[in-house]
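There's a structure below that I have some questions on.
The first chain written gets the first letter, and so on, giving A, B, C and D; residue counts start at 1 in each chain.
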């Protein structure tokens, strides 16, 4: 039987954390008094400290910041952005609109970066077991397609022949690698994938925003799942901005299409409970 | 009757936005090609550009960054942080945990900054109709308490006698005002509120994190509702970090308290459908 | 200082509830052993028991059931239904799609029933202070429009000249009133509102689904806020059904409109960080 | 290039559905005019019609209703119930509290029923390839444990030695099978699993609520994923009821534990940006 003393200990342990220590008049984040961080570290540095427990170097913070800046928005055709606007028109405050929208950054809409980092890791591991990078890439691409389907995360874009964000980000990664900030090995892997796709398809399937940011996250040592998490922090900016723009409009219960546009009914013909159809 | 041509126009207008313009190979944010922003503007600058349509000055960006850094986390007693951890233990991915948690940053948990900015604006307006700031403050504080209740947003803290974040933020605001970055008039209003509370209560009810960040948002010209929105961007970092820490634990269906701890049932005694109680 | 014993008591009180009592091998809902309720009470009766603490009479349960059946769906133009489908296409499981969608049943999209019950209560109260029902209605309608805006909750429909659900529900309410199940006084109030609107506008602004279900909730003694809550239970069925239909489709990241349809950009012309516009 | 006419067709197809057909003054659900369903079909029958396209028989509806009644609540230790209460204390309306809570009914907290139906289907399929049911069960249980872990969905309960809901539900299934309403073959499979677990563990690991409702869903022909979806409809009742009870309390920002109870900090010792630790 649990004693009262045990309850106090149980509860303290149950909610234990290594992130933040709070006492009356004192807040320490990962050991640092919060008042020393404010005004001294950048927001990306704070994100890194919270997630990793240590502060990043300047070059690392610069890459993370670039990834955060690059992914904020891709317009109202993106379900998350549209949902944010629709939610505001339903009466939701900004926090609620952000919640409904961020929720949809799941496997399909927000998971490509995570999947790309996982793929890079798998290739890296395979390479450590094989002779050549090219073989490792081919093996893992085939394995991915066989088990996960034809959409290779991080490469190609339904809309952009060339994603204007990817090239800029890759340039920054190359610069960071040249300066010893990162190793550059994930950039090499990603370019190897591009080369293989070019060969197989006979046309370029270039890295997109998810691929380029995945290279950054992998180079910086973030776990794959955090590629999704950090993307959520970035896209939250676009979600908030569109919610705020929508607040200025008089629309109520904004549906997916203007009300004058009909949808198509494809179901059963009219019928009645007594069995008579009409 | 709506013509097909009208449908195309209707739909284009229905989802119109001034935030982002996208064409194959081209993404422009508030007019700027995205590839020129990446690596050139900071994440807080990008947040400002997205929300306001123009880039901030360095001093303005510095204040916004301080507010973003200051509010990331206040530990697992905060419902939003606890919910994030509980959600992960239920099997949710990071995006889903963030959604359930951010959703709760509503009027009570995430609305104090917005309410404080509204209060500052109300005092500013009243002052423009009155002789003295002190009168305007007294009038608006009384009005707030009469209609909204006893919790004055932005002042006092249930846990911290002095909130260590507030003083640091105020110091930065004063510095920015001295440098002409901001006017400093909302800092004056907020300190006037502190003075009144001190007089009335006979003890200090100092500004807390919500009050100090509200001064920043008001000084920077953000609409009150965006105080809540930007707080959501900041606290999203803590929510993500605790979700990620929780991911490393084996807990499943983490409830509010350890399972060994009982809750109290306060309802009807046992009874049965045939009307017999036991 | 809090003793360990106090912690155990504190925690038990903190999570106290009168709804459900659980012990190993025993679950009692509002005093009833769960195994006696299963197979013996209907789902609407169980909803009532959970919310109210007592089981309803058959006539009351029948009215609640009618309201639950009537509100399940109003097609994909409704933001909640569209969001549910969009969420599934983003990779969300059914629980997640339901969450993003239900969240939007806020003041504008899900609050009309609650507002209508509040209006009925206000009229009832005013009537208790006045000579005639007609005066009370006129006074409260004017007050509502003055403070809340022109959309009178529960009356008129942007799409249906006559809402086919409302008449059927009102017929059931009249029948229940004739049988002494309910008083019928809220139906009288609602019809008085219809009469006033007819006189003022020169055309019928008939009760809609929200108005008719609000009459049911008011007649049954549910608090106004539960009109929203019970509507959420009902619409959850439509949200789930559309999510499930969407699961059968191959669409990924379903936006509000087909991808071929453009949106309109209304913002700044192209410009560059060096200040040159193009 | 897409013509305006194509846009109208594209949009109509994009949001097509077989569930509901709406025209001014007319709402037909799966072909039935809504006004004929109201007052004529029960809420569980309506749920079935919406999800399946046809109305169930009375015996089928009775089993579905039992499952809906049985799962409404399991007290505030359940994360979903606690989150609902916490959300209300943060200022959320009922729809928002329900959203944050329902969201957490994911794989771990809301997925057991779905997983159990999948397991039953796998055993059924394996049996069609093998000589005996016992072999099929053993094979599939071993496969599940090898790939999914030690928690066999639907069997055993961390709290109840015998789940009082399961026996009652199984009795109803047996009765329905005796009356030819369902085949009873999934009840046989589930009992075979119980027998194997008893043999292996040397003690009873009886079916729990998830196992018993999974038998119902499988017997009624619902797809596995709908076991999760229908559970969400049921648990939404408990989530709403606890949200409503919480509304009556003065608590603000209700965290997981009373504020007097400390949590344990397990992270870095105090340190400073200049590198000095304290």
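Convention: contacts are C-beta pairs under 8 Å (C-beta built on N, C-alpha and C of every residue); 3 or more make two chains touch, one makes a residue touch a chain.
What you are looking at is a predicted structure, and each value in this text was computed from that prediction instead of being measured.
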item	value
Self-contact between copies subunit B and subunit D, residue sets same or different by half	same
Separation of mean Cα positions, subunit D and subunit A [Å, integer]	28
Rounded Å distance between subunit B and subunit D, as computed from the means of their C-alpha atoms	34
Distance from the mean Cα position of subunit B to that of subunit A, given in whole angstrom	22
Junction residues of subunit C, two or more chains touched	7-8, 11, 13-15, 17-20, 22, 33, 37, 41, 75-77, 82, 92, 96, 99-100, 103-107, 110-111, 159, 254, 256-257, 261, 263
Pairwise touch network: line, ring, star, complete, or other	complete
In the complex with subunit D, residue positions of subunit B that touch it	3-5, 7-8, 11, 75-80, 82-83, 86-87, 89-92, 96, 99-101, 103-111, 151, 158-159, 252-257, 259, 263
Touch list for subunit A against partner subunit D, complex	8, 11-22, 28, 30-33, 36-37, 40-41, 53, 92, 96, 99-100, 103, 256-257, 261-273, 277
Footprint of subunit A on subunit B - complex, ascending	2, 6-7, 10-11, 13-15, 17-20, 22, 24-27, 29, 33-35, 37-39, 41-44, 46-47, 50-51, 62, 65-66, 68-70, 72-77, 82, 93-96, 98-100, 102-107, 110-111, 159-165, 167-169, 172, 223, 225-226, 228-230, 232-233, 236-238, 240-245, 247, 254, 257-258, 260-261
